[in-house]
Each structure stands twice: as C-alpha cells, then as structure tokens.
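Same chain, two partners: chain A is paired with chain B first, then with chain C.
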Partner chain A sequence: MNLGPKKFLLYAILIIASLTFLYPFYWMILASVTPEENIGKLVFSPQGLTLSHYKDMIVKIPIWSALFNSVLVASLSTFGVLVFGSMTGYALAKMRFKGRNLLFFAIIFTMTLPFQITLIPNYILMVNFKWVDTLTALIVPALNSAFAILLFRQAFMTIPDDLIHAAKVDGCGELRIIFQVLWPNIIPSIITVAILTFMTSWNDVLWPLIVIREEGLMTMPQLVTLFAVGGRAEAQLGVKLASAVLLALPIIIAFIFLQKYFIQSMASSGIKT
Partner chain B sequence: MPFLIVSPYLIHLCLFVLFPVVFSIFLVFHKWNIISPMEYVGLDNFGRLFADRLFWKSLWNTFIFILVHIPLQIILSLMLAYFINSKIKFKSFFRSAFFLPVVISGVVITILWQQLYGLESGVINQGLMAIGLGRIEWLTNPKIAMVSIAIMATWKNMGLYVILFLVGLQTVPQSYYEAAEVEGANDWQKFRFITLPAINPTIFMVVILSTIGGFSLFIEPYIMTDGGPLNTTLSAMLYIYKQAFGYYHMGYSTTLSLFFALIIMSVVVIQKAFVESKEY
Partner chain C sequence: MAKVVFEEVAKKFGKVEVIKPVNLEIKDKEFLVLVGPSGCGKSTMLRMIAGLEEITSGLIKIDDKIVNDLPPKDRDIAIVFQNYALYPHMTAYENMAFGLKIRKMSKSVIHQKVSEAARILEIEDLLDRKPKAMSGGQRQRIAIGRAIVRDPKVFLFDEPLSNLDAQLRGQMRLEIASLHKRLKTTIVYVTHDQVEAMTLGDRIVVLNKGIVQQVDTPQQLYKHPANIFVAGFIGSPKMNFLEGILVVEKEHCFFQDLDGVVRVPIENKTGLVNGHKITCGVRPEHIFSDPSKIKTTIKFSAKVTWVELLGHDGFAFFEIGGKQHSVRLYAEELSNPPFEKAFFLDIEKLHFFDSESGMAVD
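On to the complex of A and B.
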C-alpha cells in the first residue's frame, strides 16, 4: 500500500483517536482483574491476575437480583413501547377520528417538554399509588414513548391503504391488522424503537434513584452507583470497577453484534428531535 | 374503535404528563414535605428562589458546563467525521470505536473516568508526568473540576455527533469538490467554502441536542464530586434532586424545576428561532 504523507497523517490521527475511545475500556476491564495494590501501576501490561474483585462484589451487593430486575424492567418497557406505540401510531396514521390532530399536537408537546417539569410530581404520584419500592414504578411510567409513536406513525403512513382494506375484507380486526399484517412490513422501525427503548431503560439511573430504596429491587446502574458513592466498596477500586464492567458488558456485547442497528437507531433519534 | 386503540396512550398521557404539569403549577404555591399537610405559602417559593445563591450558582455551573462542552463537541466531532468521510479504509471500525461510549451507561463512564482523572495513580496524570508535564488536579481544583466533567461528557457523546455529521457530510454533492479542485482550491478552502455551509443545519442540530443534554447534567457530578469542590460542579439538576429527595422540600424543588424548565425551553426556542432566521 502506498501512503502519501497526507494519508499517513489522516490514518495516524484516526488511529490515535480510536485508541482514546477504546483504551479506557481496556484499562477498566484489565483493572477489574488486577490485584488491588497493583491497580495504581496499571497502564498497558497486566499486573497479575485475580478474580477476587468479582467474588467480593457478589458477596457485598445483590448483583444478580439487580441484573434480573434490569432485564425485567427493560424488557417489559420495550414490549409496552412497541405494542402501545404501534397502536397509537397506527391510529394517527390510518384512522380518522375526532381529536386526532389534538392528539398529535399533544404528542409533539410532550416531546418538547423538559422532563424536569414532570419528575417531582411523578414521584408524588408514585407515593400515592404506593408504588415506591416496587418494580411497577419503573415499568408502568415507561410503557409509552412519544418518540416511538411518531416513528411508528411515519412507518405506517408509507404503507398503502389497499393492504389494510384487503385485510379488512378478509375479516381482520384492527389489532390483527397492526400486529400480523403491518408489523412484518416495518421491521426496521421496530428494531430502532426496540434498541433505543431497551438501551434507555437499561442505562436510566435518575428515576430508579428516586423511586427505589430497597437494595433487592434496584436495577444495575442504581446499585452500581450507590456502591460507588456509598461507603460499601470501602474505597476498594477493584470491586467498584468490577461492578462497572458487569453493568457495561451486556450492552458492549449487544453493540458488537448489532453495531449497524445501534448506530442507525441513535442517528435517527438524533435527527428527529 | 379508534378511541380504544389510543386509550393506553391517552391514560398514560393524562397520568404521567398532563396531571404532573398541572399539579406542579399547584405545588409551586405550597410548602410540603409529603408527610405533613400541605401549607399554602403564596409566592414565598419564588422569593426564596431569587434569594437562593446556591441555586444561582448551580445554574451558572450548568452554563459553564454547556459553554465548554458544546464548542469542544462540535470542533472535535466535525473534525473526526470529516476525516472518516475521506477516501480511507476501515471506516466502519473507526465509526464503531468512536460510538462505543455512547451506548454505555453514564454510570460506568463516570466511575471509569474518576480513576483516569486520579491525582497520583490516574492514567492521565501518569501520562502527563511521563512526557515531562506536571500533574493536573482534575477533580479537586475548583477552577478545573467542571471543565474535567465537560471533557468527559464530550468524550462520551462524541460518537453520536460524529455519525450525525457523517450523515450531513454525505449530502454534500461530490461534484462540488471536483469543481473546486478544477479551480485549484486547497483542502482548507474546500472545507471552509463547501463543507461548512452545507452542514450548517447539522451544526445547529448538534447545538440544540447537546444543549438539552447539557441541562440534564446529573449523574456525572453525583458520582464523581457530589457537587464539590466548593460547589463548583453542583449542576442545577443535582441541586434540584437534593432539594427534592434529600430534604423533601416538594413545593420549593418543584418551583426550582419549573423555573429551570422555563430556562431550558427559552434557550432552545431562541436557538431554533436563530436557525430559522438564517434559513431561507
């Protein structure tokens, strides 16, 4: 390969830049298996190997129940957003009813509303519903998303009405039309919404910090946060980093296999906002 | 039938969006700690807000964060996107490498960078020492701490903006560059007079997105510094969180939230108006 000086510089910059983005994760994973007294010396090469941080972490915090809670909350939220989002999106795209424009306006309004306005009243609502310290508080408010509705609405608008008429002639109800006839035609939108919702739910930490106090009900990011800021890690670096690795790992693995979808989904969410 | 199909969303909208908005306007005039009965206090909460120096400091801190974060974000991500967009190999590798921090929880990123920023054993200071420069008190110097958090946030979000700029760059017709080459334009001129005007809309989109994101700054200072040193990293969101869920000042924290949300909305509206005045 013949590189001119300009090309060489270009590659050098890009390679250094990607190392800046990848190296910290390399360091974190390596540090999580390095004996505590050597972490300070760790730069590139391994300084001994131990699994004790992971063993300590399992003893100190209920990490498995947190993992279970996170998977449950993220899955159910994603399921709700997919189902309710396509129902509302379908109604807006293909049905005529009084107040349709008002509903559409309300959804746009919701999207421009800073979440800071609804945060505290929503907490008070949870207190009154007696949902504080239940997973319901994490799941139910996350079952709908204005962004998903708008995305599904757009996807359904591209589908010709004839397809829906034909299904109606065959005796399909609206729900069957949405989920059996139309869903197979909008797979890319479904993937986008699923990835964004799951990832948002998995990484969310502010709302769990507010409504969950009991350790056994915490999600991963919340448990890891409290472990890191509270005295529980007893200033032990390795254990803190081990819990951070465990929190990041599922998303890193998903990202490695679904890079293209992750990038497309996030880019489309950015462009639409 | 249409009403039935939209009812799951309608119920959600009324419960978790409309009711909270109305209720927060009601709460603003009350003093309440959730347990004892609510007490009507008129405009006291606003009086308190205007006299609350710590709240104004937290707003100021948030602005500092945004003012460091946005220019850094735009310059670096545009530069990387521009480089990736040239005729090179391994494009998708570079894209994915830059994107990795975007998908990872801010909690992980913050715990990790807290170590990288360490005074003695932090990798960054070790690197600075190795090339003969002195240590930097990344998180303990009140003048630097917020800048450090802004650098970390820029690093975390960079990949997303690189992708957005790439999308923007691909809309620039190749023929423009070819025509410029025929005219003898150099790389800088091509960038300055063809690329930059063409991706102006993307730049504004990035400004608006990172402004909204910047105003929500919370978990990074919560984990890294707890608002310190000397409250210089206390973001508005962190202060509101402490008022609401540390002291249970429900009326007062709602007043702060509402006021803060109005600031956010006005900043975004001004930005959008500015964009629209520039176009067409």
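On to the complex of A and C.
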C-alpha cells in the first residue's frame, strides 16, 4: 500500500487514539488472569496465567444472582422502552391532538435535567410505593425514556402517512400499525434504542445503590462496585478486575455483533430520506 | 355495489373551511371523477369517504347507512394511493393478503382471491417480489390488486397515475376503465389531470377552492360549462375569453366586446340588464381558418406570434387586447411565426358568462 505523508499521519493518529481506548481493556482482561504478584509488572506481554481470581470472586460474592438480576432488569426495561417508547413516539409523530407539540417539548425538556436532580424525589416516590429493596424499583421507572421517544418519533415521521392510511383501510388498529406495519420498517432505530437502553440499564450504579440494599437483589455493577471499593476483595486487584471483566463482557459482545446497526442508525436518525 | 351520498358535508381545518357544504349522490356502479386544481379539496373529499379525514358537519352515507363515525375498516371501501403505500417489508402477495388476513379469512380463500386478482392484473410473476424490486407501474398494479381482493363496496383512487410516466399513464388509464367494466363497482377517482377525468368518468365533479362548481357528464361539461372556472379548466389549451358588455335592444340581446368590434346575438336567460359586463368564451378548436363548414361566422384577423406543433396539428397563439389567445390548426398552416392570418369563429360554439358572478348566461 502506498501511503502519502498526509495519510500516514492520519493513520498514525487514528491508531494511537484507538490504542488509548483499547489498552485499558486489554490490560484489564490480561490482569484478571495474571497471578496477583505479577500484576504490578504487567505492561504488554502476559506474565503467567491463572483462573484463581475468578474462582475467588465466585466464592466471595453472589455474582450469579447479580448477573441474573442485571439481565432481568436490563431486559425488562429495554422491552418496556421499546414498546412504550414507540407508542409515545407514534402518537407524537402521527396522531393529531391538541397540545401535541407542547407535550413533545416537555418530554425533550426532561432530557436536559441531570438524573441527580430527580434522584431524591424519585427515591421518596419509591419509599411511598414501598418498592425499596424490590426489583420493581429498578424496572418500573425505566420503562420509558425521553431519548427513545425522540428517536422513535423521528423514525416514524419519515414514514409516509398514506402507509398508515392504507393499514387503517386494511383493518389495522393503532397497535397493529405500530408493531406490525411500522416496526419492520424502522429496525435500525429499534436496535439503537435497544442497545442504548440495555447498556444504560446494565451500567447503572447510582440508582441501584440507593434503592437496593439486599445483596441477593443487587445488580452486577452495584455488586462489583461495592465489592471493589467496599473492602471485601481484601485489596486483591486480580479479583476486582475479574469481576470488572465479567461486568463488561456482555456489552462488549453485544457491540461486536450489532455495531453495524448502531452506526447505521446513528447516521440516519433525524435525516429524512 | 353501493351508492355514496353527501348531505351538506363540510370540512374545516381550524378556521379554514376547505370544503364548503356539498350535496352529492354517487350512484351505484358509477365511475365518478373528482377533478380540480391542487388544493381544491378533492383529495380531502375522497378521504372523507374513506374515513381518513373527519367531517366537520353533514352526513356521508354509503348504501343508505350513515358512516360519519365508522372507522375506515368498517366502511367496506378500498383505496389506491398516489404513492402506492405498499408495505415495504412485505412481498406483493403479502401486501395483497394482509387486509384479508386481518379479517381472519382462511388461507385457502386468501390464496384464491389473491391469485384471481393477480390473474386479472397480470401480475402473477411479481407476487414474490417486494415493492423495492418493482417499477412504479408494477407497484401501482399491486396497490390496485390489494384493493380488488377486498371486494369492497366502493373503490377510491387518489391520483393513482400521477407518479407514472406519460406512456404508462395512458396504458393504466385504459386498464382502470376496463377494470370498472369488469368489476361493476362504484368508483370515486381523484385527479388533477383533465384527460383522465374526461376519459374515465361517467360523471365529473369539478371542484375549486372547496366549492363544487359543476357535476355533469364529460360531454356536458365540455359543451355547457356552468361557469367561467369550469369553462377554463376543462379543455387544453384553455378556452379563450373576451371581455364585453350586454347590449339590450328591444327584444334582442347582444354581446359586444369592449372595442365595439364584435357584436353577437345571445340569449339572456338570466335576465341581465343593459350594459352588464359579460365574458365571451370560445375554445381553440372552435376557431377555424376555413369558413366553409360553419353556418354563422365572425371573421377576424390576428398576428400569430408563437406556434406549438404536436405532429398532425398544433396551436397558434396571438394577442387581442393584451391577452393571449390560442387556436387549433393543422400542422401545415403553422408556418414560421410571426404571420398575419384570418380566422373564423363559429357563433353556435360561443359561450357567454356573467363577468361578475362567473355564471353562464346563455
């Protein structure tokens, strides 16, 4: 390959940039299988191989129940966001009613509020509902999201009204129109919303830390955080890193398989074709 | 098979009245065309029949049943859209079968109905394809097929041929006409193309600014336009208009142009008074260069400044009183403009309108 100096520079910068992102992951995975005494010397090349950190971790914390909780919470909130987000987005994009735009702007406005501002009112609500220390407190508040509504609304707006009219004449109700007629035509948007919602839910630490205290109901990131900073790892870096790998793995795998859709959708959302 | 009745049907968007109260009866098995310039409300009227647009006041009846509050699916209508509106993720077969599936018909009945429609429309080899892999004409056939399989009481067509090229449009026009003969169903067809309106319609409704201008057969619209708008809208190039006044002398009435050059006897059926402003209209095809075939003629000469040749004939354009007029002539007569030429008007083919109200006076 013949690279000019300009291109060479460009590639060099891109490679350095990607290394700065990739190296911490590489180091984390490598360190999680390196004997504790060698971790300090670890730079690039492996310094021995052991699975003892993973074994220790399983003994010390209820990682499998946390994994189950995380999968359950993330899946149910993703499902909820897809269903309710598309219903809301459809109404805002295709139904005519008074105050539609006002409602839409109000929903967008909530996106500008940092989560920390609503944290306390939300917690009080959970207390009043008696949902503290139940998975309901993690799932129900996450069943719809302003971002998903925005993305679905934009996706539905690109679909011609006559397609919906044709479906109505064919005998479809609004729900069938959304899920049977429109959904198959906005798959990239659905995948984007699904990935982002799943990831947000999966990575969330703060909210679970506030509403869940019972170890058996904790999610992975919550448990791993408590484990790593709470002293139960007994200052063993390898065990901490093993739990971190287990936490990051599902999202990394999902990205590897779905990154194509992710980029496609990010590039096309908001642009009318 | 059904008749559709409009009783004082009106439609407002906010404060704007897009359809003024309409009374109309579409007969059973009739092919009715709604025609008018864009924004005249013709598509809105069609969508009101379909139930896709709510009506503000009045009654719409299909087969003597009031359908004002019925959702589209319960009105037993089918609609073909300008942009086809096929479901992009379904094959042609699935597109046609979808409405039947929702109505919980058995697979064998669906198969039979889709196959029959595919045979009629000659689209059997397209059934496995998705809309993306089809041309505009093929897509429109599938869309028509989707309407046929439903076997509805009323077919609604919303400018179905506008997205097709001229040649295909002509072919599809013939096919829709023969389809109507075969299916013997009530059809309401919206178009802005007067050729489609004239060739397809049993009757035509001419609309302008949400007001029904005239409802009549194509020939009646052409021969006896009810007002200036219809006169100008039907026919291409449009009718030539000459401003003038009504002259009443004893029992006789005349149209006299503003320069006092042309004076033609007319019937004053609407009882206008002497000096009332009147507009005389004559179609380009009723101005001749050869007077031998006309009984009563008016001769005039004009300077032709521009011609349009269409092969066997064409149009010559000239100005009178600052307004452009046209005349249809044989191609041989349309030599290089500009040139001076004598023309003859057929008095029996003249139309007269009240300039203020626009209504026909003869």
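Everything below uses one rule, namely that the second predicted complex is superposed on the first by the 244 of 273 C-alpha atoms of A that agree within 3 Å, B and C clash if a C-alpha of one lies under 4 Å from a C-alpha of the other, contacts with A are read in each partner's own complex, and residues count from 1 in each chain.
By our rule, a residue touches a chain if its C-beta (ideal position, glycine included) is under 8 Å from a C-beta of that chain, and two chains touch if they have at least 3 such contacts.
Fair warning: this is a prediction, and the values are worked out from it, not measured in the lab.
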Worksheet item: In the superposed arrangement, which partner chain does A:N185 touch: chain B (first), chain C (second), both, or neither?
Response: second
Worksheet entry | chain B or chain C, by number of chain A residues touched | B
Worksheet entry | chain B versus chain C as contact partner of A:L72, first or second or both or neither | neither
Item to complete: Using the touch definition from the top, say if A:F21 reaches chain B (first), chain C (second), both or neither.
Response: first
Item to complete: Could you tell me if A:G171 is touching chain B, chain C, both of them or neither one (first, second, both, neither)?
Response: second
Practice prompt. Check whether A:L135 is in contact with chain B, with chain C, with both or with neither, and answer first, second, both or neither.
Written response: neither
Discussion item. According to the stated criteria, A:I251 is in contact with first (chain B), second (chain C), both, or neither; which is it?
Written reply: first
Fill in: chain C-contacting residues of chain A that also contact chain B
none
Worksheet item: Which part of chain A faces chain C closely enough to touch in the complex?
Response: 160, 162-163, 165-172, 176, 181, 184-185
Worksheet, complete the sentence: Residue positions on chain A within touch of chain B in the complex are 7, 10-11, 13-14, 17-18, 20-22, 24-25, 27-28, 31, 39-43, 84, 87-88, 90-92, 95-97, 100, 103, 106, 110, 112-125, 127, 141, 143-144, 149, 174-175, 199, 202-203, 205-206, 209-210, 221, 224-225, 228-229, 237, 240-241, 244-245, 247-248, 251-252, 255, 259, 262-263, 266-267, 270-271, 273
Worksheet item: Can you list the chain B residues touching chain A in their complex?
Response: 1-3, 5-6, 8-10, 12-13, 15-17, 19-21, 23-24, 27, 34, 80, 83-84, 86, 88, 92-108, 111-113, 115-116, 120-121, 123, 126, 155, 158-160, 163-164, 167, 205, 208-209, 212, 215-216, 218-219, 222-223, 226, 237, 240-241, 244-245, 250, 253-254, 257-258, 260-261, 264-265, 268
Fill in: Interfacial residue positions of chain C with respect to chain A in the complex
47, 50-52, 71-73, 77-79, 81-83, 85-89, 98-99, 102-103, 146, 150
